[in-house]
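Look for chain A in each of the two complexes below; its partner is chain B in the first and chain C in the second.
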Partner chain A sequence: MTQTLTATDAKRRKAAAAHADPGSRSVERFAYLFVLPALALVVVFRIIPLIWGFGYSFTNYDGMSTPRFVGLDNYVGIAHDPVFLDSLVNMLILLATLPIWIGLPLVLAILIHQGVPGGKLFRAVYFFPAVLSSVIVGAIFNVLLRYDGSFNLFLKAMGFSAVDWLGNSSTALFSLIAVQLWSTFGMSLLIFIAGLSTVSAEMLEAAKLDGAKLLQTWWHIVIPSIRPIIEFAAVVTTIGMLTSMFGLIYVLTAGGPGTSTILPEFLIWLEQGKMNRPGYASAISMVLFLLMAGLAAIQIRIMSRNADI
Partner chain B sequence: MKTTNRTLRAGTMLATALVMTLGVAASAKAETLTVWDWKSGDPTTTPYYDKVKADFEAAHPGVTVKFVMQPHDQYYTLLGTAIAASQGPDVVLVHGGSQAKERIAAFSKLDDKVADIRTRVAGWDEFAGADGSVYAVPISIQGLAVYYNKELYKKAGLDPEATPKTWADLEAICAKLKAAGTTCFALGNKEGYGADFFYSSAAANALTAEQQAAWTTGDLKWSSPEIKAIIQKWVDTQKEGWYAEGANSTAKFMDEYQSFERGENANTIGLLSDVAHWKEFDEFLEPQNVGVFVMPPVTPSAYDHPRMPLAGGIGYAVTKFSPNQDLAIALAKSFADTPAMQIFFEAAGAVPSDTAVDTSKVESPSAKVVLGSLSDGVPLPHNNTSTAETEEWHRQSQMLFTGETTVDKAVARLDEVQAQAKKK
Partner chain C sequence: MAEVKTREKRILWIISIPMALLALSAVYPVFFAINAALKTRKGYVLDRFGLTTDPTFANFAQAWNQSRLSEYFTNSVVVTVGAVLVLLVVASMAGFALAILRFRGRKIIFVAILVSLMIPVQVVLVPFYRTMIGLHLVDSRPGLIIAYTAFFLPFSVYLMTAFYARLPRELFEAAQIDGANLLKVWWHIMLPMGKPALLTLGILNTLYCWNDVLISLLVLQDQRTLMVGIAALRGEYTTNVPLLAAGICLAAAPIVILYVIFQRQIVNGIAVGAVKG
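Right, the complex of A and B next:
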């Protein structure tokens, strides 16, 4: 009964507010104008190409001849394409490293927030790689990781054998992941530092007075307090992992050796740019889009559920 | 006053009419032909492009030639986008072989338009469609040759003038070089190009003309004894230590060649024209220290003597969507004019497609061998390999080096891709 009354009251209050301010509707309409440019960009550069790509994925389009409808042939081809299947396995390996992508900047952010000596310097140093383009990062690590590069010279000087970091299938993908992690974790670090500033100082003080140890404080107070921030970082990082590796792959390994560093986004470029198969590439794009949409939906659902809590 | 006004009005109308007429005339004559390539900004080829532009614009008043140099590694992606959009360049540079042949649907047929230069210019086959019609004007002859460092041969106790004629000869040379602590071949296979050059140069003298034709149509398989033997040697030579470690992470262009130029390896499979060729190696190693030979075949030779693998290198095609077809075709032809080709040869060291170019003054010993072999060449198998097969071979060649696959599995997979690409 109380609940029903409260809901009714809220509706009445809202209606009264709207009547009380006749200009609010025009303000609302005016607000749409501000949204319009961004909306137009999304529609023109995202939604329309997506619809076109969906259409092309059912054709044998080669970029030159008139596209011919081939039904589900491209999708059947993808299901039997060993290169695509390998790229999916590589993608899963990449996704399995997500905890490191979140955990590493989180730990460093907490340490910086708690005032380790030189915290400001570390914050700048960690963030610096994030402003470099992936091609520049790739060029730097190409020099460091090549067989006769600096890393191997160091290993040899220490008495170890050289490793073909980028030319060996068992190390190439992990080398790429490590380089991408190095170059992007600064962004997550900043997000976490911003989130940590919202943690209640009184609660931390109370925990300290209650005798909580450092790890207990982190686990029971700090991390639950910034949980929405962590979840947001996880969504953004996941999308970045699946869509921002192209530059590094292109410069460091060209997808090799074999298929060991081919990810779906690189394969799309390969099929469209080198093999002249935009129709087939569109089908791979659609599969990647669905996978990413599914992952994002799961993550957003988890976030929403936690927000309700 | 009335008369003055009338005169002024008439004068204004006349002037307006005159300006409009001149404007229309000017807009009718002012044409810009856009040319896409990946070479016009290269300092060694600039004199050639300057000459083509100056001569063409002088012969066609009001026409401007605009060169747009695209990055080589992204060239076909960008060209594909232009073709898909049916706008952009009027004239485009393309590689002979599969890169040109897989795009002829977007190019204008040139047959009767180039009839007057067909005998003077060589290398047309690489720019011809299945019906024999030609779609681009070749400007260079390209091929694969093994360049070697004579100094390193001498240090290993080898006769620097005794080049290998058989695979056994080459194995003996590599064994001696290895014993002397010298890496036999420079190799970069990060993008798979090292493997391309290896199989194509080794297969060129192993395949008869009929087998080359069967390779082009897809009737000669990767699992055939001739090709499989080459794939097996790709693996064996790595195991025997012919190459430095890290080939899978070394770029062929230009890390491999820079390594050869620093004298770190005794041999490298290079090109005849443009880059990674005699002129470039001469500059680093001195002409008298650079030798060149034809890669011997792994299986018995199809010919009585080693023949240089070569074909039309690069050429200019006219896009079907160019609104200036006649002018664009005239420009494509002008790239093969003898005075410009002469500069192309002298400044860039390109082997010209124009047989009228005077090459008699060249002094480089390796250039003399290359130029002397032009009339006696054999086709380059990789030019007639589909892009899908080439990409798969790049991957398989790397996995053969890492031990992830075997020769049998690799050729079986390549057969599948070949059958699909050539619809067998």
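Right, the complex of A and C next:
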């Protein structure tokens, strides 16, 4: 009996070994066949287009005649393009609001974690706008933020004067940013709540016994212990700022008034719609890609540093 | 000590008041849309914010029939269901191979798929569009399904690979000894075992596909998905808010229902993606 078992075991181990062996031809062929659809989709629709766009950005291609190499002309061109420069300034203003995008959900997450009455409900409700399409959010806020909309009605009731939030170039960008923040802060909130659940309760209790005040325990214990999560959320939020604003801009402000709400990703769309200078549009794309690559590098550094600890 | 506890409790109660106001603001816009959709055009002009007294469903009928939302709705359903199914099959196949099978180039392929996460559609807009034209995929629903799959795939592959890598290897080895071929192993073991991850991915990808506007705008021309249709409706009917609101409600309803039913999976999926990612 024992012997039979051992024999089966040996057979099993041998079979397993056959699979661990990279030389197992049929397994290899099967594996390639199984990753092929995923790999092909990614290579054909993302990696090759990236290389192709990189090439375009150095040509004067107009969509019809043979492209000619023009060196950095497109890049010099965008550097002198007032619309592109405006889009960069808008982007910098957006990026400068990052502390609010992190701070607001972080404070709310800590409060929910501390057991605010109705915390579970708050979590579900705060996240709710994040599942709605930016088209839905944009279309509703386009009505709410009109001169005669709900928001101004509310302000007037509070004794303030009405503002044409979307029609005024000094307020349109902040309105856009506020709406996007309103509709997506639930995402970071979920990330922080998940992170907080790993903070040890004993540490908090010990701090309390030492007489630490609520805010002190937050600042000295809770926030440092989820620092990697905060850094992660900051990178993810920044990536979102660079690449997830299109839908809202498209519906809420269409980039206007003037260039006041054009961000680089929206400008790429406007440029590609003209169809006659893909080289120029590609140059803007490459700038956006460089920013994304920089963020990816930071993300990888954060992740590997955390792995070292 | 007990005194500290009660004081802390009282503070939390007080804090919950502004939090409740914030929660109200999170649902107000949707409430506004529903309320406006139930008013007649005249009723809305007379009283934009008050609760509707005699609700009408005429706006829904008009949006559905005359504004072609029924057609856009069908397009969105077909494309979303198609893309999610393709995504799940392709991601599960790739995850199985990458997590369990041994083959040369495994790491490089995994990294290549992950790196493409850093290539959003805006970065490749022009060449991607030209690729779609070259492959005759523009203005077709299958084309949009393929485009969605290409752009939402990397995260799905990552999650399936991570999920399968945590399964006990014995499962797979036992099946091997029973002489099942790998295709059968995938179908009879990997797909059923992957159910929790596939469910999460199915829901998240449904959200992404249904809510997308950029890829759809780019790929479809004569046809429209629902979100592109709503964006157009916004431009056409700036003064007929009840009609626009009815369209918004129709477009958001499936997602709201999905969120109510699968809230746990959605919340966990976001958190897992974040903390593990």
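Criterion: the second predicted complex is superposed on the first by the 238 of 309 C-alpha atoms of A that agree within 3 Å, B and C clash if a C-alpha of one lies under 4 Å from a C-alpha of the other, contacts with A are read in each partner's own complex, and residues count from 1 in each chain.
The rule we apply is simple: contacts are C-beta pairs under 8 Å (C-beta built on N, C-alpha and C of every residue); 3 or more make two chains touch, one makes a residue touch a chain.
Model, not experiment: these values are computed from the prediction.
Novice: With both complexes overlaid on chain A, does A:N168 touch chain B (first), chain C (second), both or neither?
Specialist: It touches chain B, and chain C stays clear.
Novice: Quick one: is A:N90 in contact with chain B, with chain C, with both, or with neither? Answer first, second, both or neither.
Specialist: Neither partner.
Novice: Could you look at A:Q180 and tell me whether it touches chain B, chain C, both or neither (first, second, both, neither)?
Specialist: neither
Novice: A:Y147 contacts which: chain B (first), chain C (second), both, neither?
Specialist: First partner only.
Novice: Regarding the shared-chain residue A:L39, is it in contact with chain B (first), chain C (second), both, or neither?
Specialist: second
Novice: Regarding the shared-chain residue A:V27, is it in contact with chain B (first), chain C (second), both, or neither?
Specialist: After superposing on A, A:V27 lies in contact with chain C but is clear of chain B.
Novice: Is A:W269 contacted by the first partner chain B, the second partner chain C, both or neither?
Specialist: Once the two structures are laid over each other on A, A:W269 reaches both partners.
Novice: Chain B or chain C: which reaches more residues on chain A?
Specialist: Touching more of chain A: C.
Novice: Touching A:T238 in the superposition: chain B (first), chain C (second), both, neither?
Specialist: neither
Novice: Going by the contact rule set out at the top, does A:P278 touch chain B (first), chain C (second), both, or neither?
Specialist: both
Novice: Share the list of chain A residues that count as touching for chain B in one structure and for chain C in the other.
Specialist: In chain A, positions 148, 269, 272, 278 sit in both the chain B and chain C interfaces.
Novice: Please give the residue numbers of chain A that touch chain B in the complex, ascending.
Specialist: Of all residues in chain A, those touching chain B are 62-65, 82-83, 145-148, 162, 164-169, 253-259, 269-270, 272-276, 278.
Novice: Considering only the defined contacts, which chain C positions touch chain A in the complex?
Specialist: Its residues touching chain A are 4, 8, 11-13, 15-16, 19-20, 22-23, 25-30, 32-33, 36, 48-49, 90-91, 93-94, 96-98, 101-104, 106, 109, 112-113, 116, 118-120, 122-131, 146-147, 149-151, 153-154, 157, 169, 172-174, 176-177, 182-183, 186, 207, 210-214, 217, 227-228, 230-231, 233-234, 241, 244-245, 248, 251-252, 255-256, 258-259, 263, 266-267, 270-272, 274-275, 277.
Novice: Using the touch definition up top, name the residues of chain A that touch chain C in the complex.
Specialist: Contacts found on chain A: 11-12, 15-16, 19-22, 24, 27-28, 30-32, 34-35, 37-39, 41-50, 52-53, 56, 108, 111, 114-118, 121-129, 131-144, 148, 150, 153, 182, 186-187, 190-191, 193-195, 208, 214, 229, 232-233, 236, 243, 246-247, 250-251, 264-265, 268-269, 272, 278, 281-282, 285-286, 288-289, 292-293, 296.
Novice: Could you please specify the touching residues of chain B with respect to chain A in the complex?
Specialist: Spelled out, the residues of chain B in touch with chain A are 74, 76-77, 80-81, 83-84, 102-103, 105-106, 190-192, 244-250, 387-388, 391, 394-396, 398-399, 401-402, 404-405, 413.
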